[in-house]
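Take a look at this one; I'll ask things after.
Labels run A, B, C, D, E, F, G and H following the written order; every chain starts at residue 1.
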Amino acid sequence: MSLSVYLSGEIHTDWRDVIEKGARAAGLDVDFSAPVTDHDASDDCGVAILGAEETGFWKDHKGAKLNAIRTRTLIEQADVVVVRFGEKYKQWNAAFDAGYAAALGTPLVVLHAPEHTHALKEVDGAALAVAETPEQVVDILCYVLTGKLPG
Amino acid sequence: MSLSVYLSGEIHTDWRDVIEKGARAAGLDVDFSAPVTDHDASDDCGVAILGAEETGFWKDHKGAKLNAIRTRTLIEQADVVVVRFGEKYKQWNAAFDAGYAAALGTPLVVLHAPEHTHALKEVDGAALAVAETPEQVVDILCYVLTGKLPG
Amino acid sequence: MSLSVYLSGEIHTDWRDVIEKGARAAGLDVDFSAPVTDHDASDDCGVAILGAEETGFWKDHKGAKLNAIRTRTLIEQADVVVVRFGEKYKQWNAAFDAGYAAALGTPLVVLHAPEHTHALKEVDGAALAVAETPEQVVDILCYVLTGKLPG
Amino acid sequence: MSLSVYLSGEIHTDWRDVIEKGARAAGLDVDFSAPVTDHDASDDCGVAILGAEETGFWKDHKGAKLNAIRTRTLIEQADVVVVRFGEKYKQWNAAFDAGYAAALGTPLVVLHAPEHTHALKEVDGAALAVAETPEQVVDILCYVLTGKLPG
Amino acid sequence: MSLSVYLSGEIHTDWRDVIEKGARAAGLDVDFSAPVTDHDASDDCGVAILGAEETGFWKDHKGAKLNAIRTRTLIEQADVVVVRFGEKYKQWNAAFDAGYAAALGTPLVVLHAPEHTHALKEVDGAALAVAETPEQVVDILCYVLTGKLPG
Amino acid sequence: MSLSVYLSGEIHTDWRDVIEKGARAAGLDVDFSAPVTDHDASDDCGVAILGAEETGFWKDHKGAKLNAIRTRTLIEQADVVVVRFGEKYKQWNAAFDAGYAAALGTPLVVLHAPEHTHALKEVDGAALAVAETPEQVVDILCYVLTGKLPG
Amino acid sequence: MSLSVYLSGEIHTDWRDVIEKGARAAGLDVDFSAPVTDHDASDDCGVAILGAEETGFWKDHKGAKLNAIRTRTLIEQADVVVVRFGEKYKQWNAAFDAGYAAALGTPLVVLHAPEHTHALKEVDGAALAVAETPEQVVDILCYVLTGKLPG
Amino acid sequence: MSLSVYLSGEIHTDWRDVIEKGARAAGLDVDFSAPVTDHDASDDCGVAILGAEETGFWKDHKGAKLNAIRTRTLIEQADVVVVRFGEKYKQWNAAFDAGYAAALGTPLVVLHAPEHTHALKEVDGAALAVAETPEQVVDILCYVLTGKLPG
């Protein structure tokens, strides 16, 4: 058994690395994917490729749509979508991805600190697992793929 | 032509009333729906009906799932989903609903103040219209249904 | 808002009546449906209509398929599927219906006594609510439709 | 021609081994998959990975959802789903999987002793084959893949 | 409960009338539909409306496509598809409709004399009921809608 | 039998009126719909409702998306889509609608003068009927609904 | 570009061989599949594997369902379905497969002698090509894959 | 990450070559596909393979359907559809493909000169990117696959 796992959400901490290294260390057959995690490239891609805009709205619009070519393709191909909510920013795109995955019926794992439990209750309610640490996500993937529990 | 319109998101201002009254004043054939907008009922429904919980997590979980019976049914029945982002709270459920509607291919209208443009760029990028006022949403519905422009 | 609710499972107690009367008393706009609940008719329908069989297997087969014309049509039309597990029999058809509804993405409510919690954990895990009494199901429907909590 | 076959249900006898060995002996191009068949791991996975629970209900709930990440992914990828009903336990998860596969339109093979014929009539009615022994399932797979009959 | 029932196949005997009268006599809430049963109109419609053709192939082609506007719309709207195979002609369109309904997952009832059992085995194998007389089809509809057995 | 028919394409001749009057004269149960056919409103709707734009590209973009709320909703609800290609303009939106309907599997009727046959061969190839006059479209609808041929 | 092509229908002439050899000679990247073409095995498979039946009906029923495991899997995986109608038998299973493929939206090629044109008009009307010889089917596959015309 | 990209539309300039060479030079993992771009073969394929026709209409019809076997298969397999509108011809097939991709929910990139902005506003409105040069399409693919911006 192998899994395609899309890692959505926060791009300012190393949680993706922790999960990918943990999965590799455990010898799991997982194919990870993610949005573009270079914040500047992600913000500027629309105008850098398709030409400058006068307003922030259309600059953002062009960029968001280019990013959507990548993110929707990967979410639709994923067997599991993991969405991480961090400490900063509004992170509406993370919640948007969670809703997108939920509507597709794709298994959803949410990763966030306990203080966000109430604000994320709808998102958690649609998830098959709610983790607090990236290590737990590795344990989940390990269990799903091999039936082995940690420790 | 008639439309079923689901009004998702912020529950602390009267934006739904403004839209519903405007649509009625314009004689539009629209069937509006919404989540439960009584904040306390929405938070307590799970434990009030299905029994108390020791932890906030499971209280929220039970409640979120009961609310999902309503919200998913209505979103899946809607011809148009309008999602309002207000000034307070994380509003991840609003972004979740937007992602859900986008994955279903349902036309999406987003309603928010200009200062959230950058944070909402992925949500706006998936929308067929981005409005700043509820009156604009009425104008959109009026145009979609009748072909008439405002003024 | 109105709901089509399919009441699947146990046919030997009056739980359907309790729910239907409760919903009517609360003035809810619900259209209930159910499998054929006359046990003998349900068992005999195949051979009674399409001719006798020598073996129990084919008698059951013919009957099960006739019943499926009704049950699949109603499950596919339902907004909510409620599945009741009682005290007697194997009730594999109830679990089958729950799996069918889950795969369709239809909101699922499960109704059973606490002693079946462990045996029903996969079914409960796919549900948006797990109730112990038919009165709780009425309360759920009331909340979903009106936003009102009991009491 | 190759087939992905998901083997659902009973985890206390060696029926999966018999089928897998038989298919290998016959040189069939089949990719078998299954739920986690370690009963303890399957029961404990939720709390072992995501933290202890006070009540059996939530322990089971967490575990069932983790298992669902595996089982739904595999059922949705399967070309054929074989569901085995054994002699012990309620086995509602087996019937749930059968309903899930039926709703997806995936060919279903049911494997059970003749004494369960009446109780399983709805499940059998949705199946493309009802076998009594794992050897018959091997013969089915052999015929489907090669057109060769046994003996 | 009501049903939309599409009556496909043979157009040279009165089987549709028998079923419709029987359903009416039993007070069933069924909405019947059918292909155009005027043989000449059905054959000529393409050239009569869209202009003459030199060859039989294109005359038939134009007509078949006009008829498909009706038949596909009705089959896709039907809750149940009944397909009648009579004594004359190749009736490939009847078998085509049965395959179409099967792929949609619509419950299928087949109606034919016993001597066609072997030739129709694939079609019967996809059906939820195989009847020999139109009266049996009425009994099926009556049972599905009311739970009442004949006699 | 009734039909929902979407009339896409050319907005500068009276072809929609001819079809609607013809259908009414024939007493057909058809519910017609169409895009906004006021050319100026259709072009200006985006900026009139959601605010002015500096460039033609974004003015058009906003307008096209508002129009899509209407057109996609109606195309997805239609039983039959009729697409008219006239003598003027590029009419890429008409061909876009035809492709959209084809991908949905909705029966497609194309209406154009013979001189466009070669340029429209892919569109015609996806259609169930190719008409040259609106009167033929009325005859098609009449035949589909009643089985009656003209004259 | 590669294609999966399912060859449905007649099993008493060598048309599949002609197509497969022609495709191989042309160096085409095609993966052909077919039903079990051993007539006796196809008829007997149900009773040979799952036990004898007293009546022809249930013998046929069991066999048809086993064959459906193979045929539906292959039709659903195919990029193109070719259906051959020969000179003998009713061949309702061929027309059933054509209807099944049509409902899935899979490109359909029909292969038959000209004298069946009228009887097959509905099937031909749903096809993207109607050929008279297996060599034409090879030419079609060659053109689709390479853009090269014969000769 | 890899992408399947279908290049639809204009066949009289070298835009496909520019994109394919650019992607290769950038080391991108893209699998490009396209319609048959030999204009004469594309026009003649129907009659060359399946026999001559008296009228242009049926010649075109046969050819368009053969081409559809290729184009629909490739569009349905594509992760991204790029549609190029050139300077000549009506190019209704290009707009048809864009509508087809839009209805499938496949990310759409449109490539055209600025003077067609108004005429293509509906098509552009459904796209995730609107480019003016093939080099921009290469930059888009590069960014989507690698997160790297040009220059």
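The definition used in the following text is that a residue touches a chain if its C-beta (ideal position, glycine included) is under 8 Å from a C-beta of that chain, and two chains touch if they have at least 3 such contacts.
Which protein is which chain? UniProt says A, B, C, D, E, F, G, H = YtoQ family protein.
Note that the structure is a prediction, hence the values are computed from the model and not measured.
Enquirer: Rotating subunit B (YtoQ family protein) so that its CA atoms sit on those of subunit F (YtoQ family protein): what angle is that, to a multiple of 5 degrees?
Expert: Superposing the C-alpha atoms of subunit B (YtoQ family protein) on subunit F (YtoQ family protein) needs a rotation of 90 degrees.
Enquirer: Going through F-H, B-F or E-G one by one, find the pair whose contacts repeat those of E-F for over half of the pairs by residue number.
Expert: Going through F-H, B-F or E-G one by one, only B-F repeats the E-F interface.
Enquirer: Determine the centre-to-centre distance between subunit D (YtoQ family protein) and subunit E (YtoQ family protein), using the mean Cα coordinates as centres, and give it in whole Å.
Expert: 37
Enquirer: Hey, how far is the Cα centre of subunit G (YtoQ family protein) from the one of subunit H (YtoQ family protein), in Å?
Expert: 31
Enquirer: At what distance in angstrom does the C-alpha mean of subunit G (YtoQ family protein) lie from that of subunit C (YtoQ family protein)?
Expert: Centre separation, subunit C (YtoQ family protein) to subunit G (YtoQ family protein): 41 Å.
Enquirer: Mind pulling the residue numbers of subunit G (YtoQ family protein) that touch at least two other chains?
Expert: Touching at least two other chains: 65, 68, 130.
Enquirer: Inside the complex, what are the residues of subunit F (YtoQ family protein) that reach subunit B (YtoQ family protein)?
Expert: Subunit F (YtoQ family protein) residues touching subunit B (YtoQ family protein): 33, 36-38, 41-42, 44-45, 48-50, 62, 65-66, 68-70, 72-74.
Enquirer: Going by the contact rule set out above, which residues of subunit D (YtoQ family protein) touch subunit G (YtoQ family protein) in the complex?
Expert: Per the stated touch rule, the residues are 1, 3, 79-80, 107, 109, 127-131, 136, 139-140, 143-145, 147-151.
Enquirer: Applying the document's contact rule, which stretches of subunit D (YtoQ family protein) touch subunit C (YtoQ family protein) when the two form their complex?
Expert: 56-57, 60-61, 63-65, 67-68, 71, 85, 89-104, 114, 116-126, 130
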